[in-house]
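Have a look at the structure below, then the notes.
Labels for the chains are A, B, C and D, by order of writing; each one numbers its residues from 1.
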Amino acid sequence: MRVAVIVFPGSNCDRDCLHVCRAVLGWEAIACWHREALPSAVDLVILPGGFSYGDYLRTGALAALSPIMGDVRRFAAGGGHVLGICNGFQILCEAGLLPGALRINRDLLFHCEEVALHVERRDTAFSSACPERIVLPIAHREGNYVAGGETLRRLEEERRVVFRYEQDVNGAANRIAGIINEGGNVLGLMPHPERASEPLLGSTGGLSVFASLAAAVAA
Amino acid sequence: MPRFDAEVVVMPKPEVADPQGQAIEGALARLGLTGEVQARHIHVGKVFRLDLEASDRAAAEQALHTLADRVLANPNIETFQLKVSSH
Amino acid sequence: MNLAAAITPDLVAGHGLRPAEFDSIVQALGRDPTLVELGIYSVMWSEHCAYKHSRPLLRTLPTRGERVVVGPGENAGVIDIGGGLCVAFKMESHNHPSAVEPYQGAATGVGGILRDIFTMGARPIALLDNLRFGEPDAPHMRHLIEGVVEGIAGYGNCVGVPTVGGDIMFDPGHAGNILVNVMCVGLVRTEHIRRGQAHGPGNAVLYFGSPTGRDGIHGATFASGELSEEALERRSAVQVGDPFMGKRILECTLELIERGLVVGIQDMGAAGLTCSTCEMAGRAGTGIEIDLDRVPQRAPAMSAYEILLSESQERMLAVCEQTRLAEVLEVCERWECGGVVIGQVTGSGRVEVHHRGEVVASIPANHLTHGAPVYHPPEAAPAAPEEFDLPPVLPGEDFKTALLALLASPTIASKRWAYRRYDHMVQIATVLRPGDADAAVLRLPGPGEPRFLAVTSGGNHRLVARDPRAGAALAVLEAARNLVCTGAQPLAITNCLNFGSPERPEVFGQLRRAIEGIAGACRALDIPVTGGNVSLYNESGGVAIPPTPIIGMVGLIEREEHITRPGWREPGDVIYVLGDPAAGLGGSELAKYLVGGDLPGVTPRGPLPPIAIDREVALLDAVRSAILAGLIRSAHDVSDGGLAVTLAECCLLSRGGHGAWIHETPDGDLALTLFGELPPRVVVSVRPADARAFEALISARGVACAEIGLVGLPGLRCADQAAISHSEMQQAHETPPWESLR
Amino acid sequence: MPRFDAEVVVMPKPEVADPQGQAIEGALARLGLTGEVQARHIHVGKVFRLDLEASDRAAAEQALHTLADRVLANPNIETFQLKVSSH
């Protein structure tokens, strides 16, 4: 498994993703600066969490315009797997790779805590190894998913909501925590699977997301 | 090159929830700051002010539109208004 | 040289310089200073930079130890934790800026302490914040609390450094002058440690980060030829933090250092460019020559005075060899943080500043950094605290009411409302998170079995107000107890001394005693002080804040199995309280509850009971040995609210939801046993099978050890009192501070 | 009661740092999004739009000023402009 973790100015979970990929999963993981080209022959691209461009303008908006996003777009168009975590999800929405947008939480506050998720589908590249329910940490102030009524209806109809909060944590439409694109190869997820991948840190719910990806790539 | 003062106002689309506007409305109701006067339907947007250097006003307006549409606003959830005036 | 503005005695006084200080300046320069030089001296010789009142006292702190790599005097202290790894840590105050503009004041406080850490070459791995507010129910105070907490979150979350600890206390004595202290901890490999020293005449002086604006310029308070009315109006612009730039200069600095591209480096904090150039030259015994025309500027037409004294945030100054300059600039470009050579290192021993073709300042660096006078102001012994009569002991049913009230009181209640807004998990190393235990525990990187760093910061100023020497010693001891309860060995402290005006004899008396107390406790624990900060003149309406020394401490846990939590583990485990019996209820949270509040003037209630530091050290040793011997299942420090609150927290933190049945009250009286707060104690639980071995180990160390009960069904049952359920305790404890006072 | 459309524009004070404006400017310059046209001195502010119900325009203006000064803007670092028009 060869993974590229994209580093934008202001990304701050890049090192965490690299650590989990390398030290926990034993994958080959490459940090890729946003002004460089995407390395060849990668199996997975991760857009990590953080505050790309300081979250200025809109979360993810400036990063979505970064040179590397052209490569990511082509990679995704070719069927490559892309996982956007937290800020990465925001970037995918801003880049138009996923529909909708993430706005400020209903209570206007940053939330750092563990939340329970219902895994809506276990037949995707990102969730095939997940149990029905997983607990993952969230850490965001802009995690309130919004989309037009038509888009929401399609998302639900096409079963593209893969992860749903059990409780309403931030005001997100239909308690959406993670969605997938039409091709099933691009997933945006507000909670942080990389923060729940080692028993020492309290929980391992996130491992199942990575295990799903490993299976999908191997298939 | 001529210079222009430009302004872009970006507002949330009316159908998109505006938690900031709602929070302010709630706070105002509680504080009773405005006395007899009722404040309602508060919406919070962003304003960008900048200088543009362009060959003429049409070029400036064109560039500003591109900027607003591609960068400053997210057309999924926001609308924008432009203003260009001579410096 | 431009001597345009006549240097009048008024101008000198307006710069906060005393006549004798001015004379010393004239003597060192061999002439009158220019206005710019006066401004430079004014900030460099301010209390904040020069420690005029505290330096002799600080010298009495123990600063040596076999692990100390860098002691006080640099941007941060550094200790060696083995395996080629060092810990850099320091604490800083941002009290006054936060009182004026809470969000930005707190945010820039975080930015500043982060810079102090990465400037040493260390990657910041944790932030802690210690906040002191007035009672939270006043709307104005609520605004300050919200702003400060949001500001800390805003900066720390964005930069990606977890905020893992600290404390928050509410006291009418801080209502007019809130305190915002922030501590940062970083990791650095020994070979990457850098100092703020400008070695090597001929080397380039490089500026990178944000441009300079008219932010936070203090100095003189009135106009002069150079400073128009309008300039004055603009002058004290509030500093706005830019965490995005903060993150970029962090990464840029660490890359420059790791690649061996800088000789010395320093951030621009208080007094900006002036302070960093002078300190870097002063420490290296060299000189520096800079040209202000090359300094990136945000505002038009800035004067030399303004550029030099600006406190714009996120700016760095580095010294590099000319031959490596191209590489240096490439790194700066990559991280998008500018990078301009503004001067060079000289051998002159002077800081020489050029602006628009003129020399506007030329000062011996050493005189600026080390020439400031030292004052020994008159001091008075703090007034003896009034004795205070407690209402008679708690009548029967009231135990439950009292405990729930204490759990909900703003200072004791859970601080989840605050730390939930802090990203405390980023960097995926936080093993014990805020709210989990007495200290935060972080996984250290490295090959092999993981090791852990425990960090804590705090200080109960109410004890210091009652007895500055003993109270400050207790703050050090509490920090150590917090670490020990998680299984760590305390290694070193930093501190922030928040006091009123040292020119008040009683305040200076408090300061001296507090420093003596800190020094004494550190000596007894055999741990050094590696740095800190002094914040004086914390007053409002002519009244000083309660003396508030805050202690930050780091410790090491060598093995994962030594990490200890406060929550009960298994029903049937035996509960012990370790330490001498409670010596009274004066000054306790229970007393405060019974008299109905913390009225100003009532706070220091009665003298502290005598504290035998050697017995406290023995207690810590005993707990730690028992943890290392694998005899302890859970440990929790007894502090505010006494044993009752501690036991409630052990229940709430029990992952299995276990409760406790307390059948013994060893101090005789129930109220005293459960609500007495001093001398310090620790609650532990032990497997029944280990009880004998445990008792033997503890008593062999001469430490008092009383079995008080058993871990059992959910809820807390004490002797013949009504049981209190988990949900009742939970609900009280999770009450946000502004609601409990409604 | 008559209704008014009100708008408050809150901008960072010119002398105060505007990190957001600076970051956007830097990003735009690197991306070359505005083509020939140069965009400079970008400042980012907030816009609040709301309905006011007041006895007359003066009362509405008065209330809006209080609102802006006490709630919507932070006078330490921001300035504001008001606009009131009939609904």
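We take it that a contact is a pair of C-beta atoms (placed from the backbone, for glycine too) under 8 Å apart; a residue touches a chain by one contact, two chains touch by 3 or more.
This is a predicted model, so every value here is computed, not measured.
J.: I want to compare two interfaces, A-D and A-C. Which one has more contacting C-beta pairs?
T.: Higher contact count goes to A-C.
J.: When the C-alpha atoms of chain A and chain D are each averaged to a single point, how far apart are the two points in Å?
T.: The mean C-alpha positions of chain A and chain D differ by 34 Å.
J.: If you average the CA atoms of chain A and of chain C, how many Å lie between those two points?
T.: Centre separation, chain A to chain C: 36 Å.
J.: Once you find the CA centre of chain A and the CA centre of chain B, what distance in Å lies between them?
T.: Computed value for the inter-centroid distance: 30 Å.
J.: Using mean CA coordinates as chain centres, what's the gap between chain B and chain D in Å?
T.: Spacing between the chain centres: roughly 8 Å.
J.: Hey, what residues on chain B touch two or more of the other chains?
T.: Touching at least two other chains: 70-71.
J.: Among the residues of chain A, which ones contact at least 2 other chains?
T.: Residues 53-54, 56-57, 62, 65.
J.: Listing for chain C: what residues touch at least two other chains?
T.: In chain C, 242, 244-245, 336 touch at least two other chains.
J.: Which of line, ring, star, complete and other names the graph you get from chains that touch?
T.: Chain contacts: none of line, ring, star or complete; other.
J.: What residues on chain D touch chain B, complex-wise?
T.: 1, 6, 9, 11, 24-25, 28, 33-55, 59-60, 62-63, 66-67, 70-72
J.: Mind pulling up the chain C residues that touch chain D in the complex?
T.: Against chain D, chain C makes touches at 100-101, 103-104, 210, 213-215, 234, 237-242, 244-245, 298-299, 312-313, 336.
J.: Quick one: in the complex, what on chain D touches chain A?
T.: Those in contact with chain A are residues 19-20, 23-24, 27, 31, 33, 44.
J.: For chain B, which residues are in contact with chain A within the complex?
T.: Contacts found on chain B: 15-17, 19-20, 23, 70-72, 74, 76-77.
J.: Note which residues of chain A are touching chain C in the complex, please.
T.: Going through chain A, the ones touching chain C are 9-10, 12-13, 15-16, 19-20, 33, 49-51, 53-56, 109-113, 137, 139, 141, 192, 194-195, 197-198, 200-202.
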